[in-house]
Amino acid sequence: MAGNTFGTLFTVTSFGESHGPAIGCIIDGCPPGLALDRADIQTELDRRRPGTSRHVTQRREPDTVEILSGVFDGLTTGTPIALLIRNQDQRSKDYANLAETFRPGHADYTYTQKYGFRDYRGGGRASARETAVRVAAGAVARKWLKARYGVCIRGWLSQLGEIAIPFVDALEIGNNPFFAPNASCVPQLEAYMDALRQSGDSAGAKICVTAHGVPPGWGAPVFDRLDADIAYAMMGINAVKGVEIGAGFAAVTQKGSEHGDEMTPAGFLSNHAGGVLGGISTGQDIRVNLAIKPTSSIRLSRRSINLAGQPVMVDTQGRHDPCVGIRAVPVAEAMLALVLIDHALRHRGQCADVVCQTPKIGGAAPAHSEPPA
Amino acid sequence: MAGNTFGTLFTVTSFGESHGPAIGCIIDGCPPGLALDRADIQTELDRRRPGTSRHVTQRREPDTVEILSGVFDGLTTGTPIALLIRNQDQRSKDYANLAETFRPGHADYTYTQKYGFRDYRGGGRASARETAVRVAAGAVARKWLKARYGVCIRGWLSQLGEIAIPFVDALEIGNNPFFAPNASCVPQLEAYMDALRQSGDSAGAKICVTAHGVPPGWGAPVFDRLDADIAYAMMGINAVKGVEIGAGFAAVTQKGSEHGDEMTPAGFLSNHAGGVLGGISTGQDIRVNLAIKPTSSIRLSRRSINLAGQPVMVDTQGRHDPCVGIRAVPVAEAMLALVLIDHALRHRGQCADVVCQTPKIGGAAPAHSEPPA
Amino acid sequence: MAGNTFGTLFTVTSFGESHGPAIGCIIDGCPPGLALDRADIQTELDRRRPGTSRHVTQRREPDTVEILSGVFDGLTTGTPIALLIRNQDQRSKDYANLAETFRPGHADYTYTQKYGFRDYRGGGRASARETAVRVAAGAVARKWLKARYGVCIRGWLSQLGEIAIPFVDALEIGNNPFFAPNASCVPQLEAYMDALRQSGDSAGAKICVTAHGVPPGWGAPVFDRLDADIAYAMMGINAVKGVEIGAGFAAVTQKGSEHGDEMTPAGFLSNHAGGVLGGISTGQDIRVNLAIKPTSSIRLSRRSINLAGQPVMVDTQGRHDPCVGIRAVPVAEAMLALVLIDHALRHRGQCADVVCQTPKIGGAAPAHSEPPA
Amino acid sequence: MAGNTFGTLFTVTSFGESHGPAIGCIIDGCPPGLALDRADIQTELDRRRPGTSRHVTQRREPDTVEILSGVFDGLTTGTPIALLIRNQDQRSKDYANLAETFRPGHADYTYTQKYGFRDYRGGGRASARETAVRVAAGAVARKWLKARYGVCIRGWLSQLGEIAIPFVDALEIGNNPFFAPNASCVPQLEAYMDALRQSGDSAGAKICVTAHGVPPGWGAPVFDRLDADIAYAMMGINAVKGVEIGAGFAAVTQKGSEHGDEMTPAGFLSNHAGGVLGGISTGQDIRVNLAIKPTSSIRLSRRSINLAGQPVMVDTQGRHDPCVGIRAVPVAEAMLALVLIDHALRHRGQCADVVCQTPKIGGAAPAHSEPPA
């Protein structure tokens, strides 16, 4: 495959540039009979939409989605579902000066080396605008996972720059522009972002995403392990530089007697595994952490080269998120949903007839009510 | 695909259980005309082989590889290369007591839930023995990458439990049983492992892997980014719980003005990106960190359940690595090689005719001569 | 994959129902730098367009294509190319009576059994309208094949019902509504179609498609042979019931001494192979024959069942091609182009460095100047 | 993928050359819990084995299969099943004279052009010996299809050169060396083959393969239609030049009122569709015809070129089947089984929850008791 299709049985093929006429995708392999409405998708898109607070890019995009196929009489038909989002608020002239130069830390240079030239308007295909499509596709996956298995996916910002954000209450996540599960942190986050914006610089972030209700058995070792496909999905989001499952890098200093989650008939006693053992879901919560690098488009002046390879200084004006990590929360949720639905279908394709004599045991803890460790 | 095939154009399909008759793989898509000899593969297998020091499992496996196809007159023919490794030293009776119970932190429980039952002898398909096959396949990939592009891949142990191992000299890596790039650390590592073994417990580890000489342009965004496929490959290795590219989780607290690697006609001035921008190689060293969890098979007694779901205590005797992270070094190198060759072929499939006017600029630093930051 | 993506490196993912808002596709993996204009695609679509003569369906669809992504400054960028065609002339009420019944010979029954229900408007996803998308995608493939390798693809109607159409002149193909390479046959074909239409019945047809200029070496045995992928592509076109490569079923009564194409330094002396040996192109013309069944939607009354499984009589009014074989000609050309570009890219992915000492020998005969035997 | 993996969920990856150490495959995605024994596979291999009559190649190969993985306690585990067949009776010196020349009608020339050189011993990878692996893998698929759905697959020789073989009795197929469903034809077939062998020439053949008991709903339109994947599978068998589903090329001269199979509550009234409509199985018998070209390795002298491109005369001594079509019967059955199991798994992956209100209606006729029209 050429890189823009995600998944094996439930596939999402994505298209679109930041300043082209439209972005969108084709979902193939959706189970038929799922009640699906434009609003199901729009709701998720609105969570990621730009321009909703002063802390994110001021580009005004309604991100209105149109369903072009695959739904009839309010139900998915099992045929491809095409989703279309027209771009509305392109200001390509902001990018004219970027046509000849490469932003440090950006894909400008690598796209040019790979393809010989690039659509430089708004970052072209490398723009985070592309992730709206993932959120739209993920909305379909989430709806099915919830309806069919009761799976519930939730993400939040767990760190902004140096500021750790202790998990307090999942219900707070939707109440602030930071996806922070902690109301008392919000003033500090606002002050941090205001200062950051003023400085012309950008900041990194850390995100946590969990899935509750995933039954044991999903994942296809040895290569297409559930955690391997999650890592692929997450590292494939713009600006992600690190992925952890469960204990993650903390496992380096754990002993086996600490890390290995003990089991009782009542359930696992801890979740250092993050819900995956041997590449297969355990039935506990899936827990994933992501490291998001600071936005590469900043107003500060930096050393670079131009198309001819000569030294230049580059500063980026345009409209950018000072911390792309914030709006990455719904994107990470969507990617987790896409991995899970794909493995749900793959699992039942191979193992639909399996009857296991061993009872399924429950997870260690209620979902989303505590920090991911 | 059903999970045991890795890659798109250069594919490796793996088979085999720990205590079955054999393990092995089929490599498909290898470019024809590569000089390939059994010894090229055996050399790499010997680096991962068990029983080579007191610090790893004492299972005695010669891991002798046989090439069954795809090589004629000393050259690859372009047809599938089948590799076969017979298992020699199975002691399945060591595992009889594990047939009825699940080791905490192990795939025992999840394999049973997925497939209804499992081959419990030596961990069956979930055993790290499977990774020998990856090393064998990776040896073919490495040889081609070196011959065709001069790519050089190297991995090392950068942390063992709490002991950080400062990078001193790449040449030392092969001189000790720990793949440590630092001779002076070795006594401390030996003492640590001796104590660990005696305790009956196990320890985690951290690994660094790099690739030098990768040209700019490899990687297929938006989903099959080079870093996404690396994350998939690495998280798919047994016991890996975290993956970082370049700065990784350190990017969370970096500012954009620090993280974004500046460019000059003489090359990049730093490598926080880890050699990948926008999912495409930059021409700098690819740098990857892995977190490896402690071995789940330990002699200490732990709470678990049996096949009937009843509470039991489990301790594992058998022969196991007290730290699987050590022998994971050549495995991680192999997986990086497999990702790179696949993207090399994919890139030239699509972009063989590309002529880029912008000169390629070099990397920030000589390869393997300094720690990965 | 879920069935609506075609190809391995050059992929086409298709969507759309006959009476939904739109049909279209995403092309992924197109080589960058190809000059591409909306008109390149529209020209091919116009060849297949309905309503252009009295012998095809009278549905009025302009089939205007919009390029949504992947082209910048008139050149393909290497990123996904999305193509959109809005449906204009749906008369869904014509199909209301089909909602409850199944047309004999149609996909109505099988879609219902597979998915539980179906979009019955105009045949939904099973409508031949879907093939417009293939023509649009094929136009991109053809342009690249021609520009890069000089490959020229041509199809024609070789039989309509009982009327064989001897090949006379390729230039005539575009001069009549039947894609007939033979001007003198046209009056007979017109009379046949007029009588057929009046009868309320439908007719089968036979198509020949060839590709000239394909270099030796394309095709990936043992499964993804060039001819195997051509058979897959062609049998996947609506209404196709048979595929032949080269001599096809005539090979059954040939002797080896007749069938095997002799070679001289000046070229092959015949082309019974149809340009493929061992699943790899020979350098001769690729020659493919297709059998197209008669349209299943006919005005004559036929026995069937309804949704409840009860006996009913069905006749189809609506607007349909009395012989779908006619408009299938550009579709078959497009599918051949898609197979060829995919294998061109796959071949150079694996074999870009191959130098063959044996000279390439030419084909047996000038392209398209004689019947395909 | 690189061409040697067949299938999407149930995959077979094949390796091996005619005169290399071994041939074999890895089956991935087999449902767990299937009772599987070496004998299940050996039985099918013995049907295809060379040297069983004077009418086929005299190469003596026991084709003894070894199961290397994926089966435990007599049941498939859900992990990859590796099958190994050692080559025993290579006489590579027979082929020394072929090292420098290309047989007309053979893959010699195309393999050399593609890969730069070739393993010329016994035809290397292009040898029909490779098809033993397909039969072995197909045996696993058949066993599951039979056990899980009651699907029964049967093939026979329907024409040898000019001799049509009327279908009389399925039970006769196993009673003669020609897979002929007609005892009275056997003397004529024997005489034909004796004369053919003496002449030094070879002959083509026609095969019919059917599957009885396939439920409605298998197949993934629009590209991965069941018939499209069957065509791909069959055209990918050595020497196949044509594939028909149901009426095949006879559909060209049919009217819609004749071709479209009428339905009643008691079942379909005919089976011109060959069991597939719109790319999805109907529940009727799947019926496929194949055209097999005459063997290209013949003793008669023919014009060709050598590695340097100079004119030569070539005659092939070695040991070859004078009609490869005969032993292709079990190969075609195996390929049909592989397509069916893959689509069975794919179908339940996507549509496991579908409940269809319309009753399934039966097929037109008892299976295998009448000729395929």
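In this document, chain identifiers A, B, C and D correspond to the written order of the chains, with residue numbering beginning at 1 in each.
To be clear about the criterion, a contact is a pair of C-beta atoms (placed from the backbone, for glycine too) under 8 Å apart; a residue touches a chain by one contact, two chains touch by 3 or more.
Note that this is a predicted model, so its numbers are computed, not measured.
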Touching chain A and chain C alike: which chains?
B, D
Pick from A-C, A-D or C-D: which interface has over half of its contact pairs in common with B-C?
A-D
So the centre of each chain is just the mean of its C-alpha atoms; given that, what is the distance between chain A and chain B in Å?
26
What whole-number Å value describes the gap between the mean CA coordinates of chain A and chain D?
45
Dist(centroid_CA(chain B), centroid_CA(chain D)) in Å evaluates to 39
If a residue has to touch 2 or more other chains to count, which residues of chain C qualify?
1-5, 8-9, 14, 29, 32-33, 78, 114-116, 125, 346, 350-351, 354
In their complex, what parts of chain B are in touch with chain D?
1-5, 8-11, 13-17, 20-26, 28-29, 32-33, 66, 68-70, 72-73, 75, 77-82, 84, 114-119, 124-125
Sites on chain C touched by chain D in the complex
1-6, 8, 14, 102-107, 109-116, 125-126, 130, 159, 161-162, 201-206, 216-225, 227-236, 238, 241-265, 269, 272-274, 276-283, 291-296, 298, 300, 302-305, 307-311, 346-347, 350-351, 354-361
Parts of chain A lying in touch with chain D, wherever the complex brings them together:
8-9, 29-33, 78, 148, 345-346, 348-354
